[in-house]
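Letters A, B, C and D mark the chains in the order given here, with residues in each chain numbered from 1 onward.
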Amino acid sequence: MLAHIIQTLPQVIVDGLTLGVVYAVVAIGYTMVYGILELINFAHGEIFMSGAFIGTTVLLILSSVGFLSSVPAILAFIIIIVIASLATGFLGMGIERVAYRPLRSAPKLITLITAIGVSFLLQDIVRFIAELKTGNYIVSAPSLFNDKIHLKTSAILPQFGDALFKSSFLVVLIVAIIMLVALDFFVNRTKWGMAMRAVAQDRETASLMSINVNKVISVTFFVGSALGGATGVLFMIQYGTIDPYIGFILGIKAFTAAVLGGIGNIRGAMVGGLLIGFLEMFAAANLSTLTHGAFGAEYKDIFAFAILIAVLIFKPEGLFGKAVVEKV
Amino acid sequence: MNVLEVTDLTKKFGGLYANTNINMSIKKNSITAVIGPNGAGKTTFFNMITAVYKPTSGDILLNGKSLVGLKPHQVTKFGIARTFQNIRLFHDLTVLDNVLVGMHHHLKSNWVGALFQMPRTRHAEDNAKKEAYQLLEYVGLADLLNESAGNLSYGAQRRLEIARAIAAKPKVLLLDEPAAGMNPKETKKLTDLIHDMRSKLDITIVLIEHDMKLVMEISDYIYVLDHGEEIASGKPDDIRNNPRVIEAYLGKGAVANG
Amino acid sequence: MRKLVDLFSQNKKAQLLLFIVYVAVTSLSLILAQQSVVAFLLLLFSILLLYFLKLNTKAKWIIGLLIVAVLIPFSASQGQAYESYMDVATLVGIYCAMALGLNIVVGFAGLLDLGFIAFFAVGAYTYGIFASAQASKFLHFGHFPLSGESFWIFILIGGIVAAIFGILLGIPVLRVKGDYLAIVTLGFGEIIRIIFNNLDHPINITNGSMGIASIAPPKIFGIVIANASQFYYVALAILLVVIYIVTRLEHSKIGRAWKAIRDNEIAGQAMGIPLVKTKLTAFAIGASFSGMMGVVFAAKQTYVDATSFTLLESTTVLVMVLLGGMGSVPGVILGAAVVTILNLQVLTEVSNWLNQLNTNGVISVPDALSPAKMQRFIFGLLLILFALYRPKGLIPAKNQKYDANKLKKSTTKSMYVEPQVSNDKKASGGSEI
Amino acid sequence: MKSKKVVSLIATAALAFGIISGCSSSKGGSSGSGGKQVIKIATQSPLSGGSATLGEAIKLGAQLAISDQKKAFAKKGFDLQLVPYDDQADPKKGVSNAQQIGSDKSILGVIGHLNSGVTIPSSEIYEKNQLAMISPAATATDVTDRGLKVVNRVCARDDFQGPAGADFAVNTLKAKKIFVIQDKTAYGSGLAEAFRDAAKKLGADIIGYEGITVGEKDFNGVISQAASKKPDLIYFGGVYAEGGLIIKQARDKGLDIPIMGGDGLDSSSTVQIAGDSVKNVYLTSVAGDVTKVAAGKKFVDAYKAKFGKGVESYSSYGYDATGVLLKAIMSAIDKNNGKLPTREAVSQAVRAIQDYQGIINKVGFDNKGDNKFAKVYIFKFDKAAYPAVQQKAISK
């Protein structure tokens, strides 16, 4: 039993990493918005999904005009990801402006409900645009990076099996890491990043320090949403098939990741995302082996949600978060 | 006789001491003031007594029984009620309902009784409403009984908070800056009310206040906190002339010069 | 004109007369027209009109009951679409009770629960398992399926089991607050659904994704209840009980405690309200309504599987509460009715109508835009619009008003003998608002 | 206060009237064009949601059959119409629609559903209304095993399709070690279970039986597990949305073994999603390759001309099921001296059909409502193109 688990481990790590970085970048979107507004932006999963669809649209247009065959795939990819993240960035800003800003002083329950509303709205709008154009809302895109790479992990340790992946995995991984590092730099080293942190700490004081709070919140939404949209493109590149409902469940899992890492904490969200991705993949691959067939891979989502509940109960501040004491 | 005894009460947030070794003995039916500059740890002290925060060490005794480790609602049941520095009313409830909520722990009615309209429950509810109305009359809000609490003026909200707190029939009433934001006329009425509560309702009152005029006029005894530590205690006149207190309020230079 | 309106709003008799005419016309048209959704909806609408009439509560209740229990079934039974109308009406009843349950949790106690449908599932499976041969697959005693007579006990059992689940869910979950609570309950709802969908091994309890078929229909005095028109009365009866319980609880000590912790948790605790116990009661009572209706649902469908209990369903119930008005019992009932009818009848009818026009070549609407598919779009839009422009819903919650005169004539002796500072209360209280 | 109340009243009224005005024009008259009596055929299938492609195919097949026979009915003085309902693959919606269908007396028969989970509760309502139902696609055994008089199907049952697939996998493809994946839906589990049990009996070793979550896109975990166990064949019980991805991801993991699925994979979307990976994929389908027979080719062309898209697996069965229903209605009309027959008469006439020549195979119902002539066909994808190549047709 243990031999089997060890044998699949390299492959599980590779796959878990793929899913994990997707979760991580989406989780950052949640964490940034939560950190600054204390709002779970339920629609963030849908922004991710919109990014995937916008990316696919651009890709299909590029390939229909014959652009793809004339330039290297990586260039096409960069064009796609930039367009998609700009578009979703503005989408996120627009959503904040229309649906969240008027409610900033309203009870949180109400804002949360609008967020759910926005998420439903986006799902259906994307659905009927896709359906109008293609007659089917499950959309497949031509793949850009298709080379298979064979990782000889068995050479490291004889018990290991080999891991196989597509070159798209490397693209996803590298782009995600670039985004994470860039974001970390942005938040910790730039003027805007400092303003964001100030607003997250104390909105009123920040506004007294001549920080334009609305602008900072807009920028936060732009950055978070652009990251989400770009992750959508990564997802599309990796899996090739998307539908309007991918954002919802993925969003919830990414949120789980954000909570696991400590919500509001950007580095925590990264670690949380990777952890959830890996655990999920591990559960899918090994649950039935571990339980001798009593519980199969179909229980892997319970695994993810159970982690969420357990974390919230025993360490509500998350792995890297700080406990907040409510002021009375 | 002391109603409330606090011994060596300490609260640490992370590495920060919010309260250090505070000792107090509060006499029955007295009015005690806790004063100190901003951030002296006065509200933290109240929060520990009402179990909102758990003390890091030390003990709180109400009539000889320890309150440490209890839940906030249990503390209320034991006989301590409070108001809040930043008013915490039930905004969407009516003024009368706010007072009724204050009676929660001694109101003899349960949901089974409510479902089947049992006479006992009905009787208890009726009496509670009448009592609540009288309380509103007492604090001067009877005309507004059906208004939502959130619609009241600032001063009225403060008084409603007091009415709600005494509805819990406390032995000790903690008032957290009751006069904050009041004009002199309102403050005067508040002073009367506090005096009256002590004499008519047989309540021991502990209050945090920045209005020194009010404090000096009303208190039997004063404790002064600074940086989480108790720096002085005594009768109003003693405190007025205590150099450490003046230093705490006005800075070191003030004492040297004076 | 304005005067006329004013006059009319004061004149009880004129209102009543107009109301009777309205009811008579709509029910007649429902009787005469072979199949008219419009007439049916207009007749249902009379309940809402009744709510706004200037009559005393008792009279309203009697008239309302007459309309709901006698007039509507009678008028509808004259046409072909009887069972169809009654099916919709039954579902309206089921959703009303559920929405009222959720209203306790969200509207009164202020706890956002996004996994509420789980309790409905619990109720449905409780009856489904024992009223079909399913139970014999894991219990090696007793004879299953139980007979249809057991249905009546199962309404209670379903409620209790759901309440137990509510408490089990509540104990861990209530340690988290606000937004977190929403996410955790959402996760919990999904977990329950996944478990029901997977529990065919190691022990076959729910028959997994194959669902439980051939659930025994309820029986009473030897009569088998199998038609929607009969289930209508079952649902109606339970709904009435639920309404009774909710209104009673709302104005009791526990109701005040729920609203108090909703408005301010810390002050609520400081006033002696035990937080966990109060929240758990809200969860348990809300869940039990849902569980009871789950039993009815399982019996009506004769089939349960996990696909009926998705997140979309939880959100649907939430939309009902929000649309109607959080914390407002009449509002929530209206919200539940509007959403259910919109979903089951109106969207389908409009789609069919569009489709007819399409096939006849009158207009050309692409399939992707068919209203029946727009459920999420419509819900999303409703949620946003209502949250932005009407956060208190169609019929906002109202506080119970007390009669000062009744309270003044006090016979009991109070400890607060004479009012001291109330002499110039005008100056200090009222005038500053 | 007062104005608030008025506002809320107006808002409510506006909403309610909005609802009402929307459907005021939807009142179906009982007389159609030219004073003819209307006969309606309802379809119920998912037109939205994850299996919309398959549901749409049923509807379009029925639509084609109805437009083909409109003239024949017009001659007898009837106006034939189609009313498509969307059951959203949701049992609750299906039952509610069934009630509405039951109440529209001009509807004489129902074509549907796609999912067995929806068929089972909805058919209880049809039974009460004595309304004939013919399913082109519901394969679960429970659909007909409950012995309802009005329930029929033209496709094969799970306990025929599953074992037929198992037989092909074990005896023709010589698979010894089989890894089974299913999608935890009534359809997918039913099929996968039937396959698993039959394959075990035939001596194959089932080295894994795992479930996945519908709607997800990453199945690498389960596939890694499969890959490490080195199976000869992977069987997937489920539909194309997940099936296509599983095929693709399995190929990416270097699993070039045959992958087999049921009729849920029999869709152009499988190819669209899986792309080139679809090579060496086998599937069992209850619908045969229509292009193999002359009548089928004509059907494919007519379908393409009318709807502008290619046929899907259930298009032909939707067409055949409707054909069977219309034939039964016709004979019921004749029996009733050219007048509109009762629903009861129609459902009896449907059950009485013994020898209807469909596009690919014959239709004749046994006493439970199953098609005696139902066949299971085995297909193989040789290239990334739909439809796949038919390998074998298996009769009972």
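The rule is simple: contacts are C-beta pairs under 8 Å (C-beta built on N, C-alpha and C of every residue); 3 or more make two chains touch, one makes a residue touch a chain.
The shown structure was predicted, so the numbers you read here are calculated from the model rather than taken from an experiment.
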Legend entry - Identity of the most central chain, Cα criterion: C
Legend entry - Of A-C and B-C, whichever chain pair has more C-beta contact pairs: B-C
Inset, instruction - Indicate the whole-number Å distance between the mean C-alpha point of chain A and the mean C-alpha point of chain D. - result: 36
Legend entry - Gap in Å, rounded to a whole number, between the CA centres of chain C and chain B: 42
Legend entry - Distance between chain centroids, defined by C-alpha means - chain A, chain B (Å): 48
Legend entry - Touching two or more other chains - residues of chain C: 197-198, 266, 367, 373
Inset, instruction - Identify all positions of chain D at which a residue touches two or more other chains, and write them in rising order. - result: 184, 211
Legend entry - chain B: positions in contact with at least two other chains: 52, 84
Inset, instruction - Sort out for me which residues of chain D touch chain A in the complex. - result: 50, 52-53, 184, 208-213, 215-222, 224-225, 227-228, 241, 244-245, 248, 252-254, 269, 272-273, 275, 309
Legend entry - Residue numbers on chain D that touch chain C, as the complex places them: 4-5, 8-9, 11-12, 15-16, 19-20, 22-28, 30, 47-48, 56, 63, 81-86, 88-93, 95-97, 99-100, 102-105, 117, 120-121, 124, 128-129, 140, 142, 146, 184-186, 188-190, 211
Inset, instruction - Would you tell me which residues of chain A are touching chain C in their complex? - result: 34, 38-40, 99, 102-103, 106, 108-114, 116-125, 127-128, 131-132, 248, 252, 255-256, 259, 293-296, 298-299, 301-302, 305-306, 308-309, 312-313, 316, 326, 328
Legend entry - chain B - residues contacting chain C, complex: 50, 52, 71-73, 76-77, 81-82, 84, 88-94, 96-97, 100-102, 104-105, 107, 109-111, 113-115, 117, 121, 125, 127, 129-135, 137-148, 151-156, 159, 164-165, 168, 186, 189, 192-193, 196, 200-201
Inset, instruction - Spell out the part of chain C that touches chain D in their complex, as residue ranges. - result: 33-38, 41-42, 45, 48, 52, 80-85, 87-88, 91, 197-198, 200, 208-211, 213-214, 226-228, 301-303, 305, 307-308, 334, 338, 341-342, 344-346, 348-353, 355-356, 359, 367, 370, 372-373, 390, 394-396
